[in-house]
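We just call them A, B, C and D in the order they show up, numbering each chain from 1.
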Amino acid sequence: MAYSKLTNAQIAWRAAQDLEDGAYVNLGIGFPEMIAKFQPEGRDVIYHTENGVLGFGKAPKEGEEDWDLINAGKKAITLNPGASFFHHADSFSMVRGGHLDLAVLGAYQVSRNGDLANWRVGTKGVPAVGGAMDLVHGAKRVAVVTDHVTKDGKPKLVETCSFPLTGVGCVTRVYTSLAVVDIVDGHFVLREKLAGLTLEELQGVTGAPLHLEGDPADLTVPDLD
Amino acid sequence: MAYSKLTNAQIAWRAAQDLEDGAYVNLGIGFPEMIAKFQPEGRDVIYHTENGVLGFGKAPKEGEEDWDLINAGKKAITLNPGASFFHHADSFSMVRGGHLDLAVLGAYQVSRNGDLANWRVGTKGVPAVGGAMDLVHGAKRVAVVTDHVTKDGKPKLVETCSFPLTGVGCVTRVYTSLAVVDIVDGHFVLREKLAGLTLEELQGVTGAPLHLEGDPADLTVPDLD
Amino acid sequence: MDKTLASPNAAVADIPDGARLMIGGFGGSGAPIELIHALIDRFRETGSPGNLTVINNNAGNGAIGIAAMIKAGMVGKMVCSFPRSSNAEAFNERYLAGEIELELIPQGTLAERIRAAGAGIPAFYTPTSFGTELAEGKPVEEFDGKMYVRERWLKADYALVKAETGDTVGNLTYRLAARNFNPLMAMAADRTVAQVSQLVPPGGVDPETVVTPGIFVDGLVEVSEPQQEEVLVRAGVVY
Amino acid sequence: MDKTLASPNAAVADIPDGARLMIGGFGGSGAPIELIHALIDRFRETGSPGNLTVINNNAGNGAIGIAAMIKAGMVGKMVCSFPRSSNAEAFNERYLAGEIELELIPQGTLAERIRAAGAGIPAFYTPTSFGTELAEGKPVEEFDGKMYVRERWLKADYALVKAETGDTVGNLTYRLAARNFNPLMAMAADRTVAQVSQLVPPGGVDPETVVTPGIFVDGLVEVSEPQQEEVLVRAGVVY
C-alpha cells in the first residue's frame, strides 16, 4: 500500500491531540514548539519555559517584541493571564521536582528502553546542552517528536543509542512521521501507524522490535498546508 | 579588689560596641536580642530574623502589633526603610551561605575550641532547636553573650562541653559578665576583664586556661539602670 | 482551568488517615487556621483523618490550630524545629505521656529539606548539626576542608498553606512575614491547597510579584477575613 | 549605608586578572551590557583584567557584551550550558582554535550549583546528566531506587547583574524574563554589583516585591536607559 510520511506539522498536530486540559507543559526549542499551534480547542494548557516564565502565549507581532520577554529558544513571547516570572533555580525546581505534566523534545535517537540522544551527534563543533538533560527528568511524561528515520534513511528508534545520551530510560512516547510508539518495560509498543504502511514496512525502518498490545490504530492526521 | 559582675544589659551593651556600620546581624532570641537596644549612634545595622525578614526595627507600641509581622522569637516587630521579606529557604541561605556578618547567641557552655552548647541541658522535657544549629554556621563571626558562670557558680567557659552540642568550633568571641574572651586556635584568649578582678580570680571561675596576648584591657561598661 | 474550591471543608475532604501533612506558618504568622479547623471538624464528625504526621516549624500554640489537632488526637507525629513554646501545652502533654512522636530538625535544615523535595533534589549537604546528636546516623563528608552532614528531601502528601492574594490558577502572594514556610511547602507536597484572603481572576496578580507560581497549587479557597493564630491564642480561644 | 557606586567604570574597577566572574542574563534578556562594556574599556586601556573565567548560560552573541569580551581576548574560560547560538561566532572561533576553555553544564544543574553556592550547600544530588558523558567522573548514588549525580556548588569572585529597580541598600527587582540567573548569581559571588534602570531610596521598593534582598548586593550603579543585548545584536552593533 502507498503512504506518505507525516510532515513535521502533522507530527506536531498528532502530539498536540494528547495535550491534556489543565496540563503544565514544556515544549523543547525548535520542532516541538510547533505543537502549541495545534493545541485542541477547549483545552487550557499552561506552557513553561526554562528561563523563568509560566503561562506564556503566542509570539507577538513583528515589531512588537519586547526582548526581555523571551522563551528558552530566545524567541519573543507574550503572556497569558495568570502568567508568572521566577528565577532559573525555581524554574528548574518545576522541571526536576516533578511538577510538569509533560515535556516534549526532539531526538536524534531513542532506544527501546527510553534512552534519549538529542544533544550532540559527534565530537566536532561547539557542544551545547541547554536544558535538555534536565527536562528529561521530572516531567510526569516525556515524549519525543521526530521523523521516523534519519535523512539518510537510518532508524532513529534503535536498540541502543550510538550518539551521546541526554538521559537514560526517560522517554515514554514517541510521535514519528510514521507511527506513535510507546516505551513500556524496555520495549517499543506500537500504538498507531499510518494506514497505508504495513507492519513489516514499519519494522523495516525501526531499529528494534515493535511489540503489539492489540492491533495498532490508524495514525490519522489532517492535511496541514 | 572588689568588683560587681555585669548585668545582662551591660553584657549586651559591651557586645553592641562591636556592631559594625553596615553589618548584617542576627541576634538570637532572648538575651542576645537586647544588644539592638544599645546599638551605637551613627552605625547602621541591618537585622535579620530567621522567619524571613531583613531590616526590621524596634518593637511596635503595645496595641499596635501586627501579628503577621514578627521575629523568630514570635515578638512583634516593625520595618525599617529598605526591609525585605523572603521565604525560609532563602532566609537560611543567608545564614548558611556566609552572608551574615555576625550572629550573637546565648550559651550554656562554650569550650576552648569554640564548641557551643546552647539548645538542651538534659534529656528531660520537650527538646527544641530552632535556628541555633544553622546560625552557628555561615555567619562571618559567631559571638556569645552569657554570664561567666552558671547559677550555681560552675564555669560556662569549659575545656569540653558536657551538654549536647549546638555546633563544633563555631564561636569566636564570648562576652561574659566578667570578661571578653576570644577563641583563637583552640584556646581562650583574654581580651578584656573587669578592672576589679584579678587574673587569678577570673581563671578560678573559668574551666580552661585563659591565654594572654599582651595585657588584657579593662572591661568598662556604663551603669545601665 | 479554575482551581477554586467551594469551602475549607471541600479543601481538606480527601486527606486520608496516616497522611503526611505540611502546614504553613511560623508561630502564629501564616498559619491556615480555617483549613486546619475544617480538618478538625471532619475528624470530629467522622473519626478521620487520624494518625497524621504534621510538618510545621512549631507544634501548635494555645487551643486552636495545630494545638487543637493534637488535643483532638489526630496527630501521631510532629516534624518540627521548635515544639517548645510558651503556649504549647497540647503538644507537651502528649509528648511527655509518650502519645505523640517527634522528629526534631534544625530550622534551616527543615526549610532546605522541604525545598529540596520541591526541587527534585533527593539529598544535599549542610554544615548544620555536624558533630551534634541531631546528626547521629547521618552520612557525613568533607568538602574543601570542612565537614558536612547529608540530609534527605522531606516530602508530604498534602500541604495546607495560607496566602494573601491568589488567582484562580493558583498564583499566590503572602502577607508580610506570613510567607515563611508556605511557599516551600506548596512545592513539596503531592497536593497543595491554599486558603487566600482574596481570590482574583487570572491576571489579577502581577506576574512579577507572584511568590508561588500556580503550578505548585492544586486548589484554592477564599477565606476573606482569616483568623490569625496569635490573635486567637492571646484571646484564649478554644477550638 | 549607601551602596551606590559612581559609574559602571567604578563598579568594575577592582576585578583582578584571573577572576571568576558570573554575568547575569539569558540570551539577550537581563545581560548587564553597560557593566560588561565598562570592563572591556578597562581591559583595552590597561590590559587588565585578563584570563577571566566567565559564568553565563550562553557564550555571547554578536559583537557586544560577552561576545565582545571574548573577541577582546579577556576570557580564558567559559562556564555555560548553551554556548552554541545563532550569533556566537566570537566564542566559536576561539573555541575551535583551542584558545578558550569550555565547561559545559546542563542548564538546571548550572542554576542549582549557583544557588547552592549562595545557600551554603557544598554539594547536592540531581537526576540530571546521570548516565551521560557530562556526569563522567562524578560520584553517583541511588536514592529510593533512582540514580543521581552529585554536583558541587559553583562560586564566583564577582557577579555582574542587571536589575530593573534597586534601592540604595541593594534590594532589587527585575524586568519580565530578565530575572533568569541574576538573583542566583547575586547570592553566589564574593562581591556582587548591579546595574539598575532606576535607583530609589530605601523604602522605594515594596518589601514584599523585593526579589534580591540587599544582603546579596555590594554595590549598585544607575544606568537609566540600559542597552538591551538582543536589540544591539539585531542592529549589528559592534563594541
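The working rule: contacts are C-beta pairs under 8 Å (C-beta built on N, C-alpha and C of every residue); 3 or more make two chains touch, one makes a residue touch a chain.
Protein identities per chain, from UniProt: A, B = CoA transferase subunit B; C, D = 3-oxoacid CoA-transferase subunit A.
Every value quoted in this text rests on a predicted model; they were computed, and no experiment measured them.
Touch-path distance (fewest steps) from chain B to chain D is 1. Counting C-beta pairs in contact, the pair that comes out ahead of the other among A-C and B-C is B-C.
Listed options B-D, B-C or A-C contain a single repeat of the A-D interface, assigned here to B-C, on the basis that more than half of the contact pairs agree by residue number. As a whole-number value, the distance joining the C-alpha centres of chain C and chain D reads 35 Å. Measuring from the averaged C-alpha position of chain A to that of chain B gives a distance of 56 Å. Centre to centre, using the average C-alpha position, chain B and chain C are separated by 30 Å. Within chain A, the positions touching two or more other chains are listed as 85-86, 89, 92, 95-96, 137-138.
Residue positions 112, 115, 119-121, 126-127, 174-176, 208 of chain C are each in touch with at least two other chains.
Interfaces, counted as pairs of touching chains, are A-C, A-D, B-C, B-D, C-D.
For chain D in complex with chain A, the touching residues are 26-30, 57, 59, 81-85, 88, 91-92, 95-96, 102, 104-112, 114-115, 126-134, 147, 174-184, 211, 228-231.
Only residues 1, 115, 117-121, 167-169, 171, 187, 201-203, 205, 207-208, 210, 213-216 of chain C touch chain A when the two sit together in their complex.
Against chain C, the residues of chain B that register as touching in their complex are 49-53, 66-70, 74, 85-89, 91-92, 95-96, 115, 125-134, 137-138, 164-168.
The residues of chain D lying in touch with chain C in their complex are 112, 116, 119-127, 141, 143-144, 146, 148, 152, 173-176, 208-209.
Those residues of chain B lying in contact with chain D across their complex are 21-22, 24, 44, 46, 48, 54-55, 79-86, 89-90, 92-100, 137-138.
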